[in-house]
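Both complexes shown next keep subunit A, but they swap its partner, so subunit B is in the first and subunit C is in the second.
And then the complex of A and B:
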């Protein structure tokens, strides 16, 4: 669909890019990158300002020319964040550009990739719903339910099978299926409420997050709590029923196999959304609900289907969290569902885009751990960046304006007026779908 | 598309026409029934329940918990009536809750600034922070034509990250230390009532209210008579910031602490506020009723825990959330302003 548009676009950059990618994809890419850079800049200022107000005995950084002392060094924060997330491949402050002793199979990169794997599933979960025009803010709750379903299923089945690798494969398969069913059911509830009672899914999914967290907590606390555990958690699932770490150190909680499964899911979902008739129905009802219904799409059923699929993906994210990261269900579940919103929006709600977006956000999450080890800056910084990135991606007009003023990004931005037409043209999946 | 004789449509009609009356009659009826049953069978579960509902401490915590829900709900009405759906109310509550506690601790309880006592400064700081964030949201939505839902979610997530971040910077943990003083429930109740009456007057009795409704229903008409749609929408969103700021500050100062763990102390009250004004059908008085209902449920669960029924606390805490979902499912589609959620391009 991009060819006739591209021919009419006068910009050089657009003409260069058009043969390779859909122009709106290129534009989204530029906006995503710009949004990340801008949120990093705002985060920089935030670290600087809070470093001025916070109290410390010695200044970590002194601003050139002014002599003002700051408690936090914003440059160091970002160096630690990005370099640390990859396991310090770059030598900073030492001779040479690269660390000679660096290998890709280090602990820090393992932690980053572990986060990436989990974010792939939650990002896909949010993206599928978005493509159908639904805001699934409930991936967090679906992940909680899916994780519990997985843990309980594996724990219940494990004694029935002889311990060993074959049982491990069976348990991982059945456990993941249980997670998908659990998350799918939890996602189907807001889907049905939206389709048949017109209840806004943003609010119902957020409420269901609270319900899921509380109900799962009580179930584990009262019924499934491990003997003698100091925290609210189930027993550990057997070692052989967990994803095994290949190449990476076991303490990184990362299994290459799980990442490969995630990538396979990305491919499958891309095919489903772009090349199947059900996927087509899903996209058209996301872009133009009325037109889709006129074309014979059962809008209500599509809504329920999309939310069920979205919930199932969130549930599988929970399964992977149990079977790869924790080895058990425990009450303090990280905010993976909310991070999934950022990943999806950063990816332009495109399944293929979820991979780089999840890796990028995985770096931020992995780097946050390093920030916690090596600096005094609170690791909550990454949660701020999460919100800022969404905000900036949501305002493409801002970047187009900057592009017009500077004349740089004009090519990628194309003409401003193309935005709405593209949405209506069936391309779909824009953040404003 | 919708069949006018379908059950939902019929139900919707009844709800819209006699909306406030049925809400009032239903609530009052339920409360009276509970009271009668409680007097008749004082030793039964009804006795306990009516004891809870009619106790002063439940009333006090209802007032305390209703403040953020009702005030943010009133703010949501102004924003949405003007045509901007503000789903970031939760974020405005979170940021004002933190900043008010921070300001109070910086000034020091018992000190004054320009003759204003510390808690007064705290309120003003909370309102300023919330209004600032609302202004950012307004610029992003109105100037940069962002999708309102996504921008609202961003406002929520930014506040959800920023408040614990700042709390860790200033106080060394996501929860602030307790200030040692708190604002009494009378203040919360007074603020809620004043804001409700004020909002009703502003919406229904002033030219500004007319402009606000026109900006949401028919922005072109408003533009034609020479009133700037953007300015009216800015005013609507900023008002939602001011009101949410009062609500968030009142919530935190009524305890004297900001709790930033998990979903922070606000715990979805901003989203419940949205349901409250939808339930109240954009009427401030209906919003007050719905907000008090939700807050009352929350207050009751606190009391229920103390009575020691063999139900785990955490399960009782979910009751308000489940009720919100049920209410939303029953209310279904309300009369949302025609042009809400859409960007308006001024025609020259």
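And then the complex of A and C:
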């Protein structure tokens, strides 16, 4: 049954991937923490090097013992990145561990959580497709379409209802549903192309991103542009039909309610994947398509379903972006969909994991803004530091995924089978002695 | 004179498991030694120690009296130990000689260029010395399994092996090819090579080996000369109690037609027709065995019946309903159980635990699912009951499928499918890799299903299994049935001939139609085909 040589002399890829496969949760955590520390070490060196190259009148940091001066202070960069993203809860350079004046409802944390909220939806979108074995690179396009559908629906319905909280609830509900439908359709297209025309979903979803962005741009430019607007954008939706900041400063564009909706979606998706028949079909297709087929799973239908659901989640991300962040659809949509891919990988494509992963992304985003405010470090360098952290943290998970998809490890391909039959067993060894 | 291989007091422990417990093994130069035992008895572990894949926890390995310490198979190869795995490690698009020298190519230009002429020459010389009939320039993909095995042997010899370890060498061969392999054994031992082969087949050990060592539960139960021991004695040594060699089949009145296959043609993935105009009928309370060498269309036939593959033409009627265009789901819902050929690819989701695997196929049906929600409590109970009834080890529903040994994976699949309360069981190699004790139990369950009036289509490469269990035995070759025979009267030689694509004289074929009134369908399949002229 087994061929022990495969265990012993795996391919280069297998050897590369092997240490990251089959880790326990605790081990993964340790790996993640180690990855963050390692990325900080590398980033530290980068900040020093660029701080040496840059020109400045006074050194921001002097290296102990050597007396060398640097324009940027690497310690400060990382302190501001993490501490600043939360609104400085920790006292640095002052007595005590915490800042007495800190309140959770500050602008910085609001910005961080706003980003977190949006990334929850795009992260879930990518994760659900991944779980079905599909690479949805098109969450960005689905988000664009969903955002436009939401903005137009709310703008069209708002005049028909008397302004007020009730209309607000209805408009937010209907607007979000419209976003889900829009994104869902945009996701179903590559799903159907994959299922019925054997078109690779990676290619089609990437292409549909461009189609979505450009069609939406032209539509708004030519038809739905707000009068007198200098940018390509629709009119603002009424304030009562937006997720309003609550407790947090209005300028943070963060609504706690939207975050709660996101967390509810995490729970719902987890339940769907783990505790429903359709979810079982979906993840079985993802880990071992041949076994799913054997178990009576309709592969084509599952592909379309998963892509539709994925698209709908991306579309809802677009709804939240319109109803919480911008208040309107505008042409410069941030790369939330693409970040969602990394969030999902970081989360191990597990819905529950999307929460911490999105939060880490939010921190990096919020912290980057703080670094811009507080230090002379250029934003480009901060982007590099963010990239480093993401790269290091995501890499083990990414290796694990490669391992699964190439069949090097566990499950599907079985390039490495279960190990020598007689030895792994031992079980048989106990046969009635 | 020292024995060629002398393993002394080998103990190999894995976490929680003793795979080999103080095992001694001595093999004389120039002899054939069979290592016999059930699955999980520790045969492969012992050989992996000899081959340098495992380091023994205790004990020593001596070759020709010299103590050895292998860190890797590379060391073992250097010391003259070669291993031929059950699954060949050959590169299909490359030629025989290229495969033989692969990794040890003779080179010129200071190692920059492979000396193809010298390499080919060496392979030709080697294969002539041992009387191997293989074309050095043939591509692996184009030669038979038996020839591929000989290429593997050549590979080991080319690397200087004096001791050849073969893991279940006959598993993939036809009876005729097995005979040829025995010839190869003779040739090799005459030239002073030593052969150790792993097997769980009694007959094979008796006819091919000079000496037989039986392992049970990781312990050496005894080493006997093959001339001094009977089948029954060996079987008793293996399982520790007397086993019934033949499952008791009793005549059974066949019920209604459950499965009817008419003029079925099926293409494989490349679009080549591999099942040609096949017709047969299967009734409730009947076991139809399908024998044949792997790759003669059995897989595709089974896939077409179970809904994993569309038929190119023809009809499959199940319980009176045409299955053409019907989904796999529909067939499951209509009570078709299916033990697939490839348990690790299809039958189980390797990364799922047994609770999750227990509902594979039933994930939409009560009691495991209600209103689209899965009831993990019911699923767990189901998995645990399968584990208990079918003696799956370790008895842990939370164990992932991939952590189980092959035989236990198989037992779990068989249990899951049998407990589906099916009308038709399509069983492909149901006891492949399963030890004798459990095989016996699975056979009994199969016969129980039959006496409950269920229909069973049994595809197996184990001749004694299909012969012992079936009411009728169809032999498949080249996409059609070369014969449907009465398993109680047919001889192994006759089956071998049919498996090789030759037809028998009419007597035995006609005698087989006994359960099949009017001989419907069957005659068409035997007559249909070039074999008649051959």
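Here, the second predicted complex is superposed on the first by the 303 of 433 C-alpha atoms of A that agree within 3 Å, B and C clash if a C-alpha of one lies under 4 Å from a C-alpha of the other, contacts with A are read in each partner's own complex, and residues count from 1 in each chain.
Methods note: a residue touches a chain if its C-beta (ideal position, glycine included) is under 8 Å from a C-beta of that chain, and two chains touch if they have at least 3 such contacts.
Every value quoted in this text rests on a predicted model; they were computed, and no experiment measured them.
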| item | value |
| --- | --- |
| Which superposed partner A:215 touches (first subunit B, second subunit C, both, neither) | first |
| Subunit B versus subunit C as contact partner of A:275, first or second or both or neither | second |
| Partner chain in contact with A:82 - subunit B first, subunit C second, else both or neither | neither |
| First, second, both or neither for A:102, with subunit B first and subunit C second | neither |
| Contacts of A:224 with subunit B and subunit C, given as first, second, both or neither | neither |
| Contacts of A:236 with subunit B and subunit C, given as first, second, both or neither | neither |
| Touched partner set for A:290, first subunit B, second subunit C, both or neither | both |
| Interface residues of subunit A shared between complexes with subunit B and subunit C | 290, 293, 431-432 |
| Touching residues on subunit A, where the partner in the complex is subunit C | 1-5, 7-9, 275-281, 284, 287-288, 290-298, 410-412, 414, 417-418, 420-433 |
| Residue ranges of subunit A in contact with subunit B within the complex | 46, 50, 53-54, 135, 137, 193, 197-200, 202-204, 206-208, 210-211, 214-215, 217-218, 221-222, 290, 293, 338, 341-342, 345, 378, 380-388, 390-391, 393-398, 401, 431-432 |
| Residues of subunit C touching subunit A in the complex | 12, 14, 16-19, 38-45, 48, 51, 53-54, 72-73, 85-87, 89, 216-218, 239-241, 308, 327-329, 331-333, 338, 340, 342, 344-352, 356, 359-361, 363-364, 369, 372-374, 376, 393-394, 402-409, 433, 435, 437 |
| Residue numbers on subunit B that touch subunit A, as the complex places them | 1, 8, 87, 140, 143-147, 149-151, 153-162, 164-166, 168-170, 174, 263, 267-268, 271-272, 274-275, 278, 312, 314-315, 317-318, 321-322, 324-325, 328-333 |
